[in-house]
Structure formats: structure tokens, C-alpha cells
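Here come two complexes built around chain A, the first alongside chain B, the second alongside chain C.
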Partner chain A sequence: MKPILLNDCSREVSLLLADLLDEKALLLNERFENHKRLDDYRMIVLETRSDQKRVLNQISKMRYACNFRNIPIIVMRGREDHFPVQHYIMAGATEVLSLTDPPAACRQILQGYLIPDRRPLDQEMEYLKPFIENTVSVIQTMTSGTAEFREMYFSNAFRIFGDISGIIGLSGDAEGTVVLTFYWALAWRIISKMMQVQEEAINAELIHDGVGELINMISGSTKKNFVGTHYHYELSLPTVVVGSGHQIGHPEGASIAILIFDMDNSSFAVHVCLKPMKGTS
Partner chain B sequence: MNDKTDILLINRDEELLESLETQLRQAGYAVHTAMDMREALTTITSHPLGLIICDHALEDVNGYDFLYYLKSDPLRDCIPFVFLVPLKDQGSAFKAFEMGAIDFWVYPLEVKDFIMRVRKIDPLQPSKTPPPGSPPSSPTPPAEHQESKERRKTERVRIAPSFKIEVSRDGIVWLPGQVMNFNKGGVFVRTPLLGKQGLTLKIKFLLPAGVSIVSGEIRHIVFNSSHQQAGMGIKMEQDQEWNRVQGHLESLKVSEMPSRGGNSGDPWKSAAQAPAKTIMVCNQKEQHPPDALLTDNPRKSEAESFNIRFYQSLIGKQLDNYKAVSFIGAGAMGGVFKGWDIALEREVALKVISYELASKETFRDMFIKEARTISKLDHPNIAHIYYIGITDNILYFVMEFITGQTLKNMIDRRINLNNLKGIEYLITICQALDFVSNKHIIHRDIKPENILIDQKGSVKIVDFGVAKTIDADNPAKQEGIVGSPLYMSPDCIVGRAMDHRSDIYSLGASFYHAFTGTPPFEGKDADEVLLKHLNEPCVPLNVKNPKVSKTLGEIIERMMAKNPEDRYQDYAQIIKDIKALRSKVMKFQKLKNSTLMPRPGSI
Partner chain C sequence: MKVIIADDSQVMRTIIEKVVRPLGYEAMHACNGQEVLSLLEKGCEGIDLILMDWNMPVLNGLEALNLIRKSNQFSSIPVLMVSTESEDDKIRQALDAGASGYISKPFTSETLAAVISKAQEKRGV
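Take a look at the complex of A and B:
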């Protein structure tokens, strides 16, 4: 079982968590080091103290270190911490609890996040598989690199924590959005290979064209797989977004699948939200 | 002392605004009020605010839009923002957190609690150190403000505060942005959307007169850091639409004129809807006094906030054999998800019990016991419970998933139910509840929300979450108050031993609502409604809706007699009376048709 990282938590928080969580939960109280990968933790808990700015910075780094994995980052606020919650959420925290919150509520919320992610249904795999295959294939064609599909989960948030995203809206028999998100380092390498330029020469225009082209190709090649099915869609123009924590709107009630790929010791993600329109078959 | 101690109250209800203002002033705060976004922006630019308390709907914009606007403005995003939402909308208020609100408060709120909550807001409290000029709004480097000042010198006019827009390449995916400055030729915007020179963008402006979309071409891009939003100079198409937008932007650079339109909405009106929710008061030692649960106190709304966060944590998870595919909504008992049964490969409804109820041993035992009983109810008009389970301390039911609409939806959409169809629904439900009562079970929460009409038009009774088995020979006094105040029987309210006649009352009250469009009793809070159920005669149906027949009115009114002995004593009698009415109606319609329409073969 994967451990829960208690990042430099006080004795009070550690004891509280030990009390709240299942006795089988493995709690590790360690200090997060920069560049440490956090893929292998079930949950991360960090405690706020006086320096909120430092905590925000740390949350942001931790979110990156999760490599797009669905690892809940829980902020435990001290009794005197009245810092606005939204700053923690914007930085990448999943939930903000306080030592003064009712223990029963904290227990349920923590346990909710610890429940394993559901696996995709067969009917969901029907439309996700082509996206996986085409992503691998497009990356291979455009960069001569190998992207390996690692895992997937269904997101409960609309916020995307990456540095750059290519977004394409889908409409027609099915509607939704496909988003391709990278961290800068990998985006830089991929764009450099795609555009055949040195990384230092990459500018806003190349970023725009490179990421826009990738999402266009992934969605365009996948579209062909859906001809004649109720997943068939038309593509809109690709949009490129920069900055961490951007929020993407998806059709209401639709599942948002996050497909994670590994490449060159880093990861990137493809978010697929595809909802067949009613009345199509 | 902190220098930002003023409070801005924004609400479109003048009366409520005045009342809250008085309460805050009496508590020693400097208070400003606004009824719409324009007015609010004027106040924000001219006063040192420590808190904004904003209703979910303003006169000119949606409260969420205003929050988004404010949080997109680097100069104003540090002002704590609290949402005021009516109980019925609290489910959607969770998104306010993600958008940057520090809290949402569900109203109605008691004065003491309201002031107590305000006192807890950090910037309004005395601080030893002077507040930072601009607290960190995100972990990104704080160079952005400075950079915007370093923009090339132009004759462009800066708007204070910057104006919220949405930007799109294709008209499908829209991203937020803000106009930093503008001139006759175009605008300079900041947005996470990264374009390139020569690209055409659509820009959506929210003007007082409505939304205006203008196209423009990117002329230059400022993208200095990968952690900052891009800045773009956009040359706008010089058409009438742009002239209109420009005119509005011009008006923003001068001081905004407060514009008070008519008071179109009444937020407190929604408070009357609050009693529609199921309440439970359990006779446990650790229980809170009944009043605490009947009124919408802060503790309750805090618990609701935790519950919503709890349900949020379950999206995309799997509880035993059941996947929580998407969240449908939250009630007093728990959150409902659209689920999938992986073993039997079928859609199900997953109902997760709220953390508050699940943490009480008595409730847990009660649910499990009752769920077992109810799972044995096999009737075409009763939604089946397939399974009840506990996983990782999370208690949940798995029920039949029904696609359709509730009777409440139909009432809200003003679908006329005062017809044969409505009568048929009532007969079917009576037959189903007759079956239930024969098994010595009472539903205890009959209300329009729990009556579903599926896509084929079949009626189903759902949510037996608080149902109870009764011993007909030895009726025990009930263990607390359960039900929805708008439809709750007097016997339930006073805590008398309940039997199926309590469900008859609630069913009568539900159909009173369906046939007249308003619930039998309304009030500003649950207490008031409950008192009316106990003491006030309800307005006859055909007074509220003259189209309701006298006979139907009498049937419903008898179902709603205060004393159980004066009500129908069983469902069979109700069915008999309604069927008799139906026959009369059908005969009348036949007669009407025969006189209006020529029979086949006749001249």
C-alpha cells in the first residue's frame, strides 16, 4: 500500500491524522525536498504555519512533483491561520481542513480522497482507447520520441495544473473538450524537436504553433476512429493556454478522464471529456 | 489596527441590505452597500475594504461572475469575498471556493451568528504587523503588476478596475481575460490564452445592455515569463459593436454612475423554499436542540459545506462494486451520484449518507435496518434499493437509477397537473403507498422531490432513506422529527406515534402544491411553516386555483386534516374517491368531445 506523506507535520497533526485514518494507513512524516517525485504517495498532508507564502510555494512544487497523478494534497490549517482558502486551492491543494474542523467531517473527507480511483467502464474505454493510441502515435511521428501511456483517472476538478495546455473544443454528434497539458521542460524539448529549433530559440509563436498543432493532430486523428459512431465530433480551432492552475469548462455531468503519459523522465496529460449528444445513435 | 476594515454588502434586496447594514453598524463596522456590480465597483475603488459579502445574484450580473471578475483583477483579488446563498442553491456554491471566495454562508442567518462569522474574518481583526500591500494571490512570481506598469507608453486609457472579458479563438472554448487599457483602435488584454501575431480572436464583453462579441486581430504579444499570463494588443474590427463596447469602456474610466433598477428579485423569497429540505432531529443524547436543526444556523450550514466537500472527494471513486460516475446533487440525508454497477453492468443511483448522520451510531443502525426491510418492497412504482454497504466508514445505498423528472420539477416548470394526468399520478402513488403501508412501513418523507416520473411516464416513489417499520398493534412514539417541513404532518411535528396516515397528510400536501402551484403553508423559516401545519387551516384549493374542482379540493383537504382521525384512514378510500372523480371527468370530457367534434360517419 502506498504511504501517506505528512510533510513536516507537527506532533498534533500527526496524531490527529493517525486517529482519523484507518490504522492500516502508512503515515510517513518527512520533509519534501525539491525535485523529489511524489507519484508514489497516496496522499500528501502539509501543515500551515506562520509563513503562508512559503506554504503556497511548497504546494505548487508538490503539485508539480505529482506529475499529473491524482494525489490529493491536503492542507491542515493551524488554529491561527485565517489565510484565505482559495490561495491554497489555486496553488494546487485539493482540500483545506483545519484543526478546529469537526473530526468526523475531516475523517470522511480524507477517507473519500483515499478511496481508490475508479477504473474506466467498457463504454468509456471505447472512446478513450483511440485517444491513447493516437497520442502515442502523434508524439512518435512529430518528435521521434516515445510516449508511454501510464495510467488514467477521472477527475473531480476543473482546474489543470500544468504550464501549458493546448485545448480543442468538440461539437457535433458528441460534444466536449480535449486538453493536452505539459510542464515547461518537456514542452520545450518537444517543441524543439517538432520545429527543429534550439530550445533557446523557442518563442511565444513557436509554442503556440507547436502545442496547437499537437492537440489538433491528436484530436483530428482520433476523430477518424469515430466516424459512424455516436462519438463522432467536429473540431474547433486549437487554443493554447499558459500558466498553472487554469480552469477549463466541460459539459455538465460529463466525466473528465485524465490520461497520463510518461516521456523522457517526465509526464504529460491528455484530458478527455466527451459526451455524446442525446438522440444520436 | 488594520487599515482595511470596511465591509461592502452587495445584495439586490433593498430590505435585506438595510437589515444587514444595521446589524453590522451596530456591531461597530463601517459598512457600504451596493445592489449591483457597477455600484460595487465604485465602492471598491474608493474605500479600504476588508470584506465583501455578496449575494449569489445581483441586479446586473450573476454573483459568481462578479467574484470571477474581482479575482481576475490583481489589484483587488486580495479582498476576502464571502458568498451569501439561499439554502436551495448551496450545492452550487461550492464552486465559489474554487473561484476564490473564502466562504459561503447559507441564509437565513441569525444576527448573532452573522456577526460572529464576520468577526472571524482575518482582515477585519486587529493585526500586530501592517498588512502586506498585496498578499500573494498565487505562487507565481509577483512581477506581473510591475510588468504591466512597464508597458510601452501609449495614449491608451487604463480602466480602473480592469474590465473582465472572455477570449476565444473559435467561439467554443472561452478563456477569461481582462482589458488592461484601450484606445479607439483596440484593447490591451491579459489572458492565459496564448495567441500569435495576426491571429483573429473573439472577445466577449459583458455590457449592461447584454453580451457583446467583437472580433479583433492580435497585433503584438507580451510573453515574458512562462508563469505569467500573456499580454496582447488587439486591433478591433471597427464596427458598431466595437463602438458600443468602446463607449462602455469610456464610461468606466470616469466615475461609475450607480444605477438602481427595480428590485426584480427577492432573495429572501427563496428562504421560503428552505423548509422543502428534509430535516432530522434525533432523540440522541448528543443531539442539538430541535430549534438548532430547524433553523438554518451556522453550525448546520458549516456541516453542509463539509458534506459537499465530502461528496466532492468521491467523484471518480469506486465504492465496492459501484463506481461514482458523476455527482447529481445533495440533500439533507446524503449526496446522490449517478453510478455504475460493475458486477451487473447497469446504471444505478448511489446515495452516500452525509458525514454527520453516518457518524451517529443510532442513525447508522437505523439506516441499515430499514434498508433491509425496504429492499424487500417489490412494487413497480417503488424505486428499488439494491444494496447497502459500508466501505472505509462510508455508508451508502445503491438504488434503481431513474431517468426522468420529479413532481417538483414539473411544479417548478408550471406544468399543469390539474388534469387527468395529475389525477392518475395521485392514484398510482396511493396504490404504491397502500402496498407500503400493508408491509407496516411508513415513508416519512413524501414530498414532490421524492415522486419521480420516468421517461415512459411511470411514477416511482424514491428515497426510503428515513422510512420506518411500525408495529401496528403497538405503535411506539417516534424517535424524533423526520421529514420536510413544507409537507410534514402535524402528528410528526408534535412527536406522536406515526402511522400511514402521516404519509397520507404529506401526500395531500404534495398534491396541494402540484394542483395549486404553491405549498399549503409558507413561511420565512421551518419553524413558521411547522406552526402553520399545526394551527392554521389551509386555504381551500379552489380558492388558490379556481380551476381545481370542488371534489378534488375536498379530497386533498381531507387528506390534510390536522387530526389523523379526521383524515382518510386508508388509501383504498382515497383511491375510490379519486377514481369516482376520474370517471366523472372522463364522462364529461367524452360528452364535451361528442358535442364539439362530429362523430365519424355523422354529418
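Take a look at the complex of A and C:
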């Protein structure tokens, strides 16, 4: 079973968590190092004392180290911490609890976050597989590089933790959104490869432009696979969003599939939210 | 030889220009269909080819193609449609509107160069 990382937590918090969480959960109390990958933890807990800014910075770094995995980052606030909760959430935290919160409520919330993300069903693979294949193909054709599909999961958490996202709205027989999210350094590298120029010759405007074009190509080439099915859609013009932890809205009741790809020692994610409309064949 | 590269993406215009230059084309850029028409009307003479993206703001590629084919002055200029959409009915729609060829994105440099050469041959260049 994957462990839960208690990041430099006090004895009080460690004991509380041991009591609140399942006895079988493996708790590791250690200090997060910036270079450490956090993909293999079930949950991360940080404790705040009077050092909120340092904690905010650490949450951001941890979120990057999660490499697009939906790992809950829980902030446990000390009794004297009155810092606005929203700041922790904006930095990448999933939930903010306090030592003064009722233990029963904390237990329920924490146990909820330990429920694993849902894996796709066979019928869902029907529309996800073309997105995987076309993402790999578009990246290969445009950059001569190799993107390898790593894994996928479904999430109802609408937050995307990347630096830049290309977003395209889908409408027609099926509705939804497709989002392509990169960390800044990989986006930079990919766009310079697409344009066949040195990375120094690339600016932010070209990166925005190129990421918009990539999501356009991924959605456009995948569309062909859905001709004659209830997953067929029409494309809107792409939009690009820049900034860590931005939120994307999706149609009510829709599940969001997060597809993670590895490339050049980094990762990127494609979020697919596709819902066939009622009454279509 | 002169080519108008019409695409709302600067990245795509740059990629396409890198393919057409070695083929002997001098490239002019347009961000939408309206800019293509402006370039033509401004008297940019001797345009030998237009590479036009379909999905562009202001005036999309298909609308611009329709206007070009209806004009007396520019109707004979070959227009290659470039699009992320590769469904048969889209290709047919573009060809029916008078496109000289259709290129689906993503494309390799070799594919684009081959489609351009084919259009040149048709025109007897």
C-alpha cells in the first residue's frame, strides 16, 4: 500500500492523523525535498505554524512533484494560523483542515480523499483511446519527439495544476471540453521543436499560440474517429490559459478523464470531458 | 513565386514558411480570410498560391475561398485548404467550393511539399 507523507509534522499532528486515518495506513513523517517525486504517495499532509509563506511555496513545489497525479495535499493549520484558506488552495492544496476542527468531520474528509481515482470502463475506452493515439501522433508529427502514454484516471476535481493549458470547447452530438496542460519548460521545448528553432528564439506569445494549435490538432484529428457515433462533435476556436492551478468548468454530471503522457523527462496531461447529448444516435 | 500563408497561428505560419521557401516561394502572411482578400485587393500581383487555414476568426478559410472563386480577378489562383479537420465531408466541402487541394494538420514537411508540388504541376508551373 502506498504511504502517506506527513511533511515535517509535529508529534501532535502525527498522533492525530494516526488516530483519524485507517490503522493500516502507512504514515511517513519526513521532510520534502524539492527534487523528490511524489507520484507514489496516497496523500500528503503539511502542518502550518507561523510560516505560511514558506508553506505556500512548498505546496506549489509539491504539486509539481505530483506530476499531474491527483494526490490530495492536505494542509493542517495550527491553532494560531488565521491565514486565509484560499491562499493555500490557490497554491495547490486540496483541503485545509484545522487542529480545532471536530475530529469526526476531519476523519470523514480524510477518508474520502483516500478513495482511489476511478479507472476507465471498457465503454469509456471507446472514446479515450482515439485521444491517446492522436495525442501521441500529433506530438510525433509536429516535433519529431516521442510522447509516451503513461496512465489515466477519472477525476471530479476540476483543478488543473500546470503552467499553461490549451482549451477547446466541443459541441454537437457530444459536448464537453478537451484540455492540454503543460509545465512551462516542456511547453517551451515542444514549441521550439515544432518551429525548428533554438529555445532562446521562443517567447511567451509563441508558446501560447503553439499550445492552442496543438490542442486544435489533437481535437481535430480525433474528431474523425467519431464520425457516425454519438461521440461526434464540432470544434470551437481554442483558448489558452496561463497560470498555476487554474480551474476549468465542465458540463454538470460529466466525468473528466485525465490522460498523462511522459516526454523528455517531464509530463503533460490531456483532460477529456465528453458527454453524448440525449436524443442523438 | 509568391504565396500567401493564411493562418491565425503565427507558429503554423512560420512552420509552413519553412517548407515553402526552399520550393522557391516568397511568403506573405495573413491572420484571417479578410487579410487574404486585402492582400489580393491591395494589388499584390503575381500571387501563385494561397495556403489557407479553415478555422480562422473574422472570415474563415472557406468563406474567403468562396469569395476568391467568385471574383473575376483572383479566381484562378490555386488555394490549398489546411485544416485540423480531416473528415471526408469537410474535404469534399472544400473541394466543392473550389479548393485546389486539402492538407490535414498535423502534417510533415514532406507531405506539405508534395501537395504544393502537385498543385504546381496542375497549374503547369
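By our rule, the second predicted complex is superposed on the first by the 281 of 281 C-alpha atoms of A that agree within 3 Å, B and C clash if a C-alpha of one lies under 4 Å from a C-alpha of the other, contacts with A are read in each partner's own complex, and residues count from 1 in each chain.
The criterion applied here is as follows: a residue touches a chain if its C-beta (ideal position, glycine included) is under 8 Å from a C-beta of that chain, and two chains touch if they have at least 3 such contacts.
Predicted, not measured: the structure shown is a model, and the values here were computed from it.
Look at chain A after the overlay: chain B and chain C fit there side by side. Contacts of A:L259 after superposition: neither chain B nor chain C is touched.
When both complexes are overlaid on chain A, the residue A:S137 reaches chain C alone and has no touch with chain B. Shared-chain residue A:L237: touches chain B and chain C both. Touch criterion met: A:W184 reaches chain B, while chain C stays clear of it. When both complexes are overlaid on chain A, the residue A:A65 reaches neither chain B nor chain C. Note on chain A: of its two partners chain C and chain B, the one contacting more of its residues is B. By the touch criterion defined above, A:E95 lies against chain B but remains apart from chain C after alignment on the C-alpha atoms of chain A.
Once chain A of one complex is fitted onto chain A of the other, the partner contacts of A:D209 extend to both chain B and chain C. By the touch criterion stated above, A:L274 is placed in contact with neither chain B nor chain C. In the overlay built on the shared chain, the residue A:K224 is in contact with chain C alone; chain B does not reach it. The overlay of the two complexes leaves chain B and chain C separated by a minimum Cα distance of 6 Å. Overlap of the chain B and chain C interfaces on chain A comprises residues 205, 209, 237. Chain A contributes residues 137-138, 141-142, 191, 194-196, 205-206, 209-210, 212-213, 216-217, 219-221, 223-224, 227, 235, 237 to its touches with chain C in the complex.
Against chain B, in their complex, chain A makes its touches with residues 22, 52-53, 56-57, 59-60, 70, 72, 82-87, 89-92, 95, 101-102, 104-105, 107-109, 111-119, 121, 153-159, 163-164, 167-169, 171, 177, 184, 203-205, 207-209, 236-249, 253-255. Partner chain A is touched in their complex by these residues of chain C: 9-12, 14-15, 18, 55, 57, 83-88, 104-108. For chain B in complex with chain A, the residues that touch the partner chain are 71, 80, 97-103, 120-122, 125, 135-140, 168-175, 192-197, 221, 223, 226-230, 303, 306-307, 309-319, 323-326, 338, 340, 342, 355-356, 358-359, 391-394.
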